[in-house]
Structures are given as structure tokens and as C-alpha cells.
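Okay, here's the structure, questions in a sec.
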Amino acid sequence: MNYSASELMTINSARLLRDHDVVFVGVGLPNLACNLAQRTHAPNLLMIYEAGVIGARPARLPLSIGDPTLVSGAAAVCSMYEIFTLYLQRGNVDVGFLGGAQIDQFGNINVTVIGDYNHPKVRLPGSGGSMEIAAWANRCYIITPHQLRRFPARVDFHTSAGFLDGGDARAKTGVRGAGPQAVVTNLGILKPDANGELVLAALHPGCSFEQAQANTGWALKQAETMEVTPAPAEEDLRILREELDPQRIYI
Amino acid sequence: MNYSASELMTINSARLLRDHDVVFVGVGLPNLACNLAQRTHAPNLLMIYEAGVIGARPARLPLSIGDPTLVSGAAAVCSMYEIFTLYLQRGNVDVGFLGGAQIDQFGNINVTVIGDYNHPKVRLPGSGGSMEIAAWANRCYIITPHQLRRFPARVDFHTSAGFLDGGDARAKTGVRGAGPQAVVTNLGILKPDANGELVLAALHPGCSFEQAQANTGWALKQAETMEVTPAPAEEDLRILREELDPQRIYI
Amino acid sequence: MTKLTTLSEAIRQYVHDGDCVFAAGFTHLIPFAAGHEIIRQGRKNLVLARATPDLIYDQMVAAGCARKIIFSYIGNPGVGSLRIVRQEIEAGRLEWEEYSHFSMISRLQAGAAGLPFIPMNQTAATDLEKANPQYKRVVDPYSGREVIVVPPLNPDVAIVHVQRCDASGNAQIWGIIGEQKEAAFAARHVILTAEEIVDEEVIRSDPNRTVIPGFIVDAVCHVPYCAHPSYTQGYYDRDNPFYLAWDKISETPEAVKAYLDEWVYGVKDREEYWQKLGEETRKRLEVAPRISSPVNYGQY
Amino acid sequence: MTKLTTLSEAIRQYVHDGDCVFAAGFTHLIPFAAGHEIIRQGRKNLVLARATPDLIYDQMVAAGCARKIIFSYIGNPGVGSLRIVRQEIEAGRLEWEEYSHFSMISRLQAGAAGLPFIPMNQTAATDLEKANPQYKRVVDPYSGREVIVVPPLNPDVAIVHVQRCDASGNAQIWGIIGEQKEAAFAARHVILTAEEIVDEEVIRSDPNRTVIPGFIVDAVCHVPYCAHPSYTQGYYDRDNPFYLAWDKISETPEAVKAYLDEWVYGVKDREEYWQKLGEETRKRLEVAPRISSPVNYGQY
């Protein structure tokens, strides 16, 4: 069976979602993953969008976080201040999805700047919602291609917190969310160990530890029980290709 | 011409309102005064009700602060948190009306308790909105019958601030509103002097300083220029009696 | 996922002796039927929180349900004194914790927003601040001046009456919205009572009207006329004569007992209560329609 | 009292060189026509504040209107980089002040609420806090733990696009409401642009839908299609091909100049712009109706 890296990451991300999860969804692959999960094993998944949309039922693939298709037919709309207070800060969000230009050994994320903040070599978009999502969602998932430049040992800038320097550093800050629980890449899945360090927990079919290590900027450990992810099911691919992204914009 | 004390107080209160004033209205006499002003010299008066109603156009006399007649046909409705933040605390309210079981020499108001707070002799309703209205409306007006027990030299409890102990005591707190600008009674009108002390500034037709003094719990001073208020106009009385309170509930 | 249940079952499951209860609704949508059901089920030692206790808490206090009241204005709105709450406070038989409206609603806002405290500007009136140790001060780090702060209020259960909701609890309210949303988000459990349970497509035709999302709701109860003698905008009017009558009833323990016996203990549920009110009262509270102009969300 | 005027006159009167401008709208209702009019009138040294600068600020920065930008996310939404803002920041030619979305909107909320600061819980990510001295900390007097605070943002002028309002500026919005209300209440002056100016009876038929009351509004401008290439819920769709096209245009100064010459300086106003877009584009952005279920307010 043939599938793209995006399809592989989307399907593996969908598997991490549980029925009745309240998910803070981003556009692109997270949106596809949530819609896929809802059509398969998590029919009661509740999708919340940063723009203030609750229980969206997009009739078409949303092309931006504020696409009007998210609103028509949604259960509720609220203001931006409300989505960050009543929903996120209050602890009503189970899952947040994050991406990042850099993700480091302890799951910290940089989407702000490459180089010095005040004299940026590359100026990135900045936090948007990610600083608070990473802090306050019960669980966070990161979807990103596995490339060496994306996985440095340390991020240039802490836009959002993973496990900081590891150990109990995150817990000591009193932040409510449990932090990044998985990083889904095109090679496998990284998960934090007891010390908060991202270790390789699963490989996708046909991928090797050596590939993962070659694309990771620190000495990558393996989880005690290394798994191989099941290959994407035909039905999952059909839903992605025929129903969710027929124009193949993201997959 | 015959008129009641309530009519007299209402008409004199209405005169204090200016066109385009944004008024935080209470039910009862303040509501009548505002509606009278709007039908006479202040057609652009904007009425805001504590329950979160902006630009109300009540079709009947509202019997409580949350009467549904305030909402039907209003310009806007907002939450209670919003009425106190976006409107009052932000400084968008020109005029607030207050009443009180006790009003003292410096315009401080008590609607909380007679006697000791923890062992109340008479437990009154408490602040409601009045603590913040007295602090943050640009101007406050008090409507109350002139009775000795209502005008003690000092209130038992500072529910809302007038000029505190006088002088610059209020200004020093940094509170934005200018405080009580007039107390309209059935005998006349008290206004704060430069020291914040309430002095008799006007008498209604046929009322005397001696009457006012006899019903005031401190040595009442007279303003430099004492006025006699014009008698209620026939048209004002007609509007009150025929249009605003035909069942004579408040007047 | 349906959360439909009876009010009696919802109260049984989510209101326990000793709980802090927030029966929401600023002058509008006051869930009287829920208060009556709590009385019928004999709950004790409740902490009753509401900006304006209104007749609902006066009756619950009279029935012996409460140990403490948290409020910002105790009056019979538009009528006068709230006799029973007042008398119990004066007699030292009821604990109380008191705020201004703004600090009361700020506590709920902090509770709903997940904040450890929320600031307010000073009012120069400091006696309540001295009387209630929940008020504290914090220095504004920008100006060096002090602001007043209050801690979050997170009731064990909020009871919120709404005009319409779907079976999952996505709820729409119009007219005075008071603190309905904040109460629901602040509370640990949420019981909705609704004039109408509608198809979810009605709710989803106007998502901006939704004040409470279903996923924070525990129980959805179809209780028409739940708010009588207060009102529901567009459904029925405030029963002002009853507010006046209560002023008399609450003057004597005998009259209060007779009222509770007849109108609370003596009826099974709100439907029986509503029928018992009689044709004339029901007729008097009817309102003629005044319909909103629709808006277009567009098919995208 | 009517506040109707032209957009050109409103910009002339309420937007001055050096002002802090908040052109509101989170992904929706972005007042592009107002941005273009500001460019045409040649304003300089503006401080441009918005959570997401979007193409509107990219174009205003390109046209030399801005000295500084206040933001929480600089991207071409759904497309990629916001090239001009990014390049001016990288080149050190544009000052910037940066927040997360939540702290950005908290600044507006503090500004709208009249508060000297507003708290947020900690996020454990402290680099932005270190980079931006506007962030400060305050000790929660209840727990002894620190919270993060930001000061109010009070722009000189907010420009808010709405679906409908009356001539006095009582404005109704549906779809994503973002920070429209907070921006209006926080700002010293408010310019409304509206798809439709309606009779006040339309507004007053549904007061709960009103987000901005007219009395805080300075100017009301009837500007259909103001938000293109962003969108107005129920009126027209987002012009996604233009968002993609801007990614190419903004690669070279020549293409940007040609764009501004043709589509901003080269047209008189939004109506000319909209006609110039052509029948095909206009047709492509049309949306079929999807109407809200009405509600009943009742005649009281």
C-alpha cells in the first residue's frame, strides 16, 4: 500500500485521540487527524478552534484557522478572550496540537526566531496560541517531519514549554497541563520518558532507528518497549483522500 | 398647582441631566427622571441599566431592575461583568443615580447596615451596584426624602464613597468619578462645597432652611448663592402622570 | 450525546448536603423550580451563592436548606426587604459573605476563567473590604498603586435556566444574560433547565447565540415555566403580584409554612405547580411575540 | 444621532501620523478597505497593533505607513510567511513588540475594562517574558504564587468591520467575533465600517446580537466588501487565491509596488476596487444563504 508522509503522520496522530476528547485543533494535519478520528474511533470528539469556534462541523476543508466553514453549523462561537480563558486556562481542553520550527530534547518548542531574538537570523511567526496551549491543555501532541534542523538538542527560543530542562522542572512551575505526550514524525513517534526527555517509542513500518537518530540533534534513546506502528488502514486512507482532503492540499 | 414630594424630586432630578448624558439608571424615581428628561430637554439621553441593558426604551413602567420591558426594543444587552467593566469601570458612564438609608455630611452612603456590621441592628440590602457607581460614574446624584434619620453626621457603614472625611480625601484615592454632585430631597438640593461637605444649595418653592436643618444631622451650611427651584412645569407633571406612571406606583 | 434527565434526578445526583450552589440568573431566568425541588428533597447546610438572593433563596432559607449565603444585594427586587434572609442574618442564625455586585461577579469571572484572582480598581469605600477578608490588595506593577482583588468562586453546582438547548446541553439565552455563562464555567457541575429542548440544528443555525456549550453540562432538564415567579424573556412575564404577595407571606412563619406546604411540598413538580397556578394567572403572564430579525451565516 | 460619513473622511478625521491603530478582526472581518485608505492618505509612523498582522499590515508596512508593529503571530494565514513584516523586522527597519495571542488579547481586555493590568496563569515558557519588558509578575495574595500580568492596550483608534449597524453605530456581528468588542471599548476613537446600514428597528429587534453600542462609536461608514480578501460571514467568502498570490507578490519590491499602484493608489475607494476585481472573482466569492432560527423577545 502506498501512502505519503503526511498521510502517515495524520493517521498516527488520529490514533492518539480518545472518544469524548475536547481538542484544540489547528488547520492542516491536526484538522485532518481530528476529523479522521471523529469518523472512525472517536465519534464524540469535540473540536475547538482557536478562532473561538466550538463543535465545528466543517463542510469543506478549512484553509485557515478562521475559515467561515468552521462557523456555519457549529455548536457555539465565542470571543478570543473567552477561548483562552473559559476554555483553555480553565482546563476544559483535553488535547492541543502543536507544530514547531524547532523541537528539542525535552519537547520545548520554538516558533519565534532562529538566532538572536533582537537581531533575528530568521524571524518566525511567533507564539500565536501555542504558548498557552502547551501549558494548559491536558495533553499535547506535536506533528512534524523528522529533520535534523527541526530537532536540535536545545531550541534557540522557548516559545512554549515542554519539560524545560527535564526532571521536575515543568512540574515545579505549577503549570496545569501534562505537556507534550507524543511527537509524531514521518519516521516514528517520540514520547517523553520519566525525565521528560523525548525518546523513540515507535517506528513506522519500514523506518529504522538509524534514520531517526540521523535526523535528531541529540543522542536518541529508545523506549523500553519499542513498537512498530500498524500500517495505515485502507479505510483511513480512503476517508482522508476522498472525504477530507480530496484536492490533496495537505496530504 | 399641586404636586407630590416624589414628583418634585423627580422633576428636579431630571433637570440635572444633560443631553447626550449616558446614565446608569435605577428603577423608581431615577427611571422616571431619566424618561422625563429624555422627553423634554435631553432627547439624546442614553439609558443604561445595571442588569446589562443599553439604550432601553421601556414600553411600560419597569417594576424591577430586570424588567423584560427594558430589553425588548433596546439597542444592546451585555453581561453583568461587562456592564461593570466595559461601561462603568472604563469610564463610559456620565451619571449614576443612588439612594441610601443614610447619607452623611460628606455624601458618603450607607445601604448596608444600621448598627454593627457583624451584629446588625437592621440589616439593609447591601451595595448591589452602588459601591462602583459612586466611585466611577463621572457625576452622581442622590434622590431621597429629607429626614433626620437619613442624614446623620456620619454613616454607620461606608457602602459607597462620597468625599470621605472631606478635603482631598476622595481625590487622593485616585478614584475616577467626581462623586456626588447633588442630593435632591423633597425640601431642596444639597451640593458639595469645595471641601466636599454637603451644603444647602437650593430650596423648593415654599420650603425653608429651618425645615432642612431640622431634618439634617449636622450644622447645615448654605451655599454662597442659594437658589429657589422653579416650580414643576405643568407639562412635566402631565408627562409623569399620564405617560410615565399612570398607575401612580412611584409618584 | 443526550444528557436529558428529570429535574428531580438531576438534583438528586448533583446537589448534595453542604454543597455550594449557584442558582444563576440576574433578575431573569431564576430557576425557581430547581430551588423548590431542592427543598422537596430536603437538602441541608447548603452554601447559597447569588448576586441577588431573591425570593428563591428566601424560600430555601425558610425551608432550612442553607447554612450560609454569599451575595451582593439582599432585597425583594422592586418591592423591598428580603425578610427571611434578613431576619436570619440579624438573628445570627445564617452565616453570610458579602460583596458588591462587581466583586461578586468578578469572583465568578475568575472562577470561570481559571484565574487565581481578578483585580478591580479601588472604589474609595473600604468598609466592606475590612469586613470581608476575601478582599485583598495587590500593587499594580506599572503604576505602583493598589488594586482590589477577589479570589475565584467555583461553586459545586450551577443551576442555569435557559430558553432553549439541545439534548447535549448546547444552550441559548437572550434577554438579560446576567452571570449565566460565568456561573456555568465556574462551577464543577452544571444543571440546565430549559423552556424548550430543540433539535441541535436549531442551535447550530445560530452558533453565536450559544452561551453555554454542552460539553460542560452534566444534566439537561426540560422544565417549562421553571422561572416563575421571575420570568423568561419571550416566554412569560414576571409575576409581580407574587413578589408583592411574598412580602406579606414572609412576615409570619405560619404563612411561610403554609406557602411551602401548598406550593412546594404539596406539588410533585413544576408542571403540577404551573397547572395549580390557574388559568387566570397563566393567562396574565402570557406575552405577545416580538421576533428577532434573522441573520445569514452562509453556506461555506 | 447619525454618525454616517465616508471612510475617507473618517480616516482623515480619526487617524493621524504616529497614532496607534488597531484594525480589528481575528481572521474574519479584517477592514482591508480602511488599510488601503490609510495608505492612500499617506499616513506615517503608525504603530500597528493586531494579534495577526495578516496581509493588511503587510501592505501598510510595505507602503511605509508604520514605525512599529504590536502582534502575537506574523504569518500569511494558511499560506506561510508574512514576507514584508518579517523582512523589515529582520532588517531592523521596523520596531516590534510581541505577545502570545492570550497576552495580546488580555492587553485589549484590560484596556476595554478600564483596568491597570490583567493577570494570566504562568505558562512555564519565559523567553518572551524576558524579551518584552511589558510583561511583569505579581504575587497572588491567596496562594503566594506568581502570575504573569500585562498592561492595558488603549489604541488611539480602532477600526472595526461589522455585518450591520444602524446610523448611530449600534453594531451587530456574527461568525468569528475575535477581539472586535474589546478593540472598540479599549480605543479612544472607533471607526465602524459596515456591510449594511440598517434601520435601528432591525438592531433593536435583537439587542443581544449587538456587540458595540453606538455611543462609543465616532464614525459609521457604509463600505460593502470592506474585508476582501478576508471575508464577512454570510456576505462573501475568503479569497484564498489572493492570499496565495500575495505570497508571490510580496517576494519582490517591484511586484509590491505594482500591486499598490494598481489596487490601492489606482482606485478611488472600495467600490471601484470591488468593481475592478471583476465579475468572475465576485461570483466566486458569493455564498448561498443559511439563515438563523429566529428568537422571540416578546412584547412587554
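Which chain is which? They are A, B, C and D, in the order written, and residues in each are numbered from 1.
Here is the rule we use: a contact is a pair of C-beta atoms (placed from the backbone, for glycine too) under 8 Å apart; a residue touches a chain by one contact, two chains touch by 3 or more.
The structure displayed is predicted, hence computed values, not measured ones.
J.: When you check each chain against subunit B and subunit C, which touch both of them?
T.: Common contact partners of subunit B and subunit C, which must touch each of the two, are D.
J.: Any chains in contact with both subunit A and subunit C?
T.: Correct list: D.
J.: Report the chain whose mean Cα position is at the greatest distance from that of subunit A.
T.: Relative to subunit A, the chain whose C-alpha centre sits farthest away is B.
J.: If you tally the C-beta contacts for B-D and for A-D, which one comes out higher?
T.: Looking at B-D and A-D side by side, A-D shows more C-beta contacts.
J.: Can you compute the centre-to-centre distance for subunit A and subunit B, using the mean CA position of each chain? Integer Å is fine.
T.: Chain centroid spacing, subunit A to subunit B, equals 57 Å.
J.: When the C-alpha atoms of subunit B and subunit D are each averaged to a single point, how far apart are the two points in Å?
T.: Inter-chain centre distance comes to 40 Å.
J.: If you average the Cα atoms of subunit C and of subunit D to get two centres, how far apart are those centres in Å?
T.: Centres of subunit C and subunit D (C-alpha means) sit 37 Å apart.
J.: Just the number, please: Cα centre separation of subunit A and subunit D in whole Å.
T.: 28
J.: Two or more other chains touching the same residue: where does that happen in subunit B?
T.: Answer for subunit B, listing residues that touch two or more other chains: 53, 67-68, 71-73, 77, 89, 136.
J.: Give the residues of subunit D that touch two or more other chains, as numbers and ranges in rising order.
T.: 114-115, 120-121, 145, 174-175, 177, 181, 208, 233, 237, 287, 290, 297-300
J.: Give the pairs of chains that touch; include all such pairs.
T.: Going through each pair of chains, those in contact are A-C, A-D, B-C, B-D, C-D.
J.: Along subunit C, where are the residues that touch subunit A in the complex?
T.: Subunit C reaches subunit A through residues 1, 112-115, 168, 170, 181, 185, 200, 203-204, 207-208, 210-211, 213-216, 297-300.
J.: For the complex, which residues does subunit D have touching subunit A?
T.: Result: residues 26-28, 51-52, 71-75, 77-78, 81-82, 86, 89-90, 92, 98-102, 105-106, 108-109, 120-128, 131, 145, 174-179, 181-182, 231, 233, 237-238, 240, 243, 287, 290 of subunit D touch subunit A.
J.: So in the complex, which bits of subunit A are touching subunit C?
T.: These residues of subunit A touch subunit C: 22, 44, 46, 53-55, 57, 59-60, 67-69, 71-77, 85-86, 89-92, 136.
J.: In their complex, what parts of subunit D are in touch with subunit C?
T.: 114-121, 136-143, 145, 147, 149, 151, 163, 172-175, 177, 202, 205-206, 208-209, 233-235, 237, 287-300
J.: Residues of subunit B touching subunit C in their complex?
T.: 27, 50-53, 63-68, 70-73, 77-81, 84, 88-89, 108, 112, 117-123, 125-132, 134-136, 157-161, 164, 170, 173-176
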